[in-house]
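Think of it as A, B and C in the order they're written, each chain with its own count starting at 1.
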């Protein structure tokens, strides 16, 4: 039997909004460690990993490891019915082909339960090794979202270049070019407004803006975003979920700038 | 001659927003009692009744009973041009084929008059007898609107079941099922946030969510909604208009749950 | 070389929003006097004139007169990427076929430069002589915008009639007629809320509402709008830009009311 009670139910609503445009169907894995998901986006280009650690739940009962295949669009429809202050409980009986989401209003005057059918989804769990990155940029998540959105009005790809001084986001399109530089600035009043760069060596990599913009749907989950870059590895765009875990997005860089121009 | 002056003109704007999606054309009846309307919705399934009592108007002159056929969409276009703080006056000369809406800004610096053509509309006035209901639920109107909207994302019909403990709203659709229970709670701080149930006998009835969602367009008119249920009668969903009257919606229950499944 | 630094960058963003729906492509003219534009709208009915005087810029360097052809839609895309508090600098090298917009955040932590291709645009500069007007109406810009929008839901043209008492806006359509009168009221608390009429002789002129509604896109630029009317001249709808200049729209009146009805 599975019973996971999350007092801050709005967190789960935000997680769904972060994932549902990128991933249509996926297996949610429950174990003693926590509630997690790993899935490729529907075009098999980007990888998403979610972890909500068991310690973050008010009540966490998971008798045995369980993998539940869900349609994220349907799950999102149901979670949208939860109030922002509601407590959300996820329940499943052993061997059942349904999962139940229970929403309790803070006053306990309104109790809703939504039962959703589960699906059989083939998936292989990729091992993602810990890696060394050439550069790690931590910056305000809203700033990163704004930059990705702004550059999308000019071009299709973004070149992210990191030096000690700062991180530069560049694009090029029919109507012109754009460069946005964010300087390292750790001396701001609020730590979440800082842009902090840890760099072993300079790096400059090109990514599809379409995916970056999808990743920024996770912005409401965290004030800051961490972007880990290495020339041989997919970029990791990570949104930490306070005291519970993270949503991480992985995306391979475009190898050649020329290639993108012949295939716009 | 007709001249009805309503200081809180925004009320009339809200009434139009509540009715115009459901009713396209209707006769507004003016008498010494008040300004009223009774009309079927365009698919002849639901009935709407509006009453604005003469005492609620600052000035109310109606020399003889008058029935004015209006296109509610056009009337709504005109009333949208009134400011939210404007005083609205409805004027018509005897035998005229037009009605005039006059809007005065609070400072009297802006005066607008909109003249609309009247229409000949056949209508029969149904007598609606006072009836005894098995159960009457009073609850916050915004809560009822939220529930109808939420359930619509799962199914097409809602089963409303009333017991002494509370009222349950249920639906069923392709992606799963949903139940929302609101407990009787008369001990809240603000009386308009209470859910109060008067019950003679338990009742469980099925309704089309499409109509319920149309009814909730009246939500801005009142903090609370009253739902009167009886197994032999149409449900009445009533929004009181402070010190003036009401908007009431009548809808027959679906007779058999099975039927609805063969005719989705 | 051209280098124009505008501390209140949001002004330029608002100018673009005011112009881009009316004018697709135009030459921006830079001289020692200021940054200006004169262009017909794409249907060659209305004329737009913009002036931003050199004194309004923090830094204004324009070595020689320069005319830069820009696509206003593309320029708007780029300026939308500037933050509302950003300082905007417009830069161009002599003989270059590009212009650069630089955006600096108030903290200087984020610096963006957007480079846009220039275009060759044929244009003739019309001399607009100073003229005497029969009547000049100054009123709150938001009020004027509201009236034009409201009347558009009833008819296609607006008759603007000025007397000493006030200004009347009238329209007529299939569903009825509308008249909105704004009385002269110079005794309001805030001067920008006054409606002030300077009149030599009464005037009544008819205009296409479609264009008036386009002009009101400039509403965010100024709290007041000035409407100058004369029976032999195009109307001038002017939005002053504080301490810098103006946006002016010119539109010829419709000659005969009858004509408009045969050509709706």
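Quick note on the criterion: contacts are C-beta pairs under 8 Å (C-beta built on N, C-alpha and C of every residue); 3 or more make two chains touch, one makes a residue touch a chain.
Since the structure is predicted, the reported quantities are computational estimates derived from the model, not experimental observations.
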{"item": "Touching groups left behind when subunit B is ignored (all other chains fixed)", "value": "one piece"}
{"item": "Copies subunit A and subunit C - rotation angle from C-alpha fit, nearest 5 degrees", "value": "120"}
{"item": "Shared interface numbering between subunit C and subunit B [over half = same, under half = different]", "value": "different"}
{"item": "Gap in Å, rounded to a whole number, between the CA centres of subunit C and subunit B", "value": "44"}
{"item": "Touching two or more other chains - residues of subunit B", "value": "none"}
{"item": "Footprint of subunit A on subunit B - complex, ascending", "value": "143, 150-151, 153-154, 175-183, 185, 188, 195"}
{"item": "Touching residues (chain side subunit A, partner subunit B) in the complex", "value": "71, 74, 77-78, 80-81, 98, 107-117"}
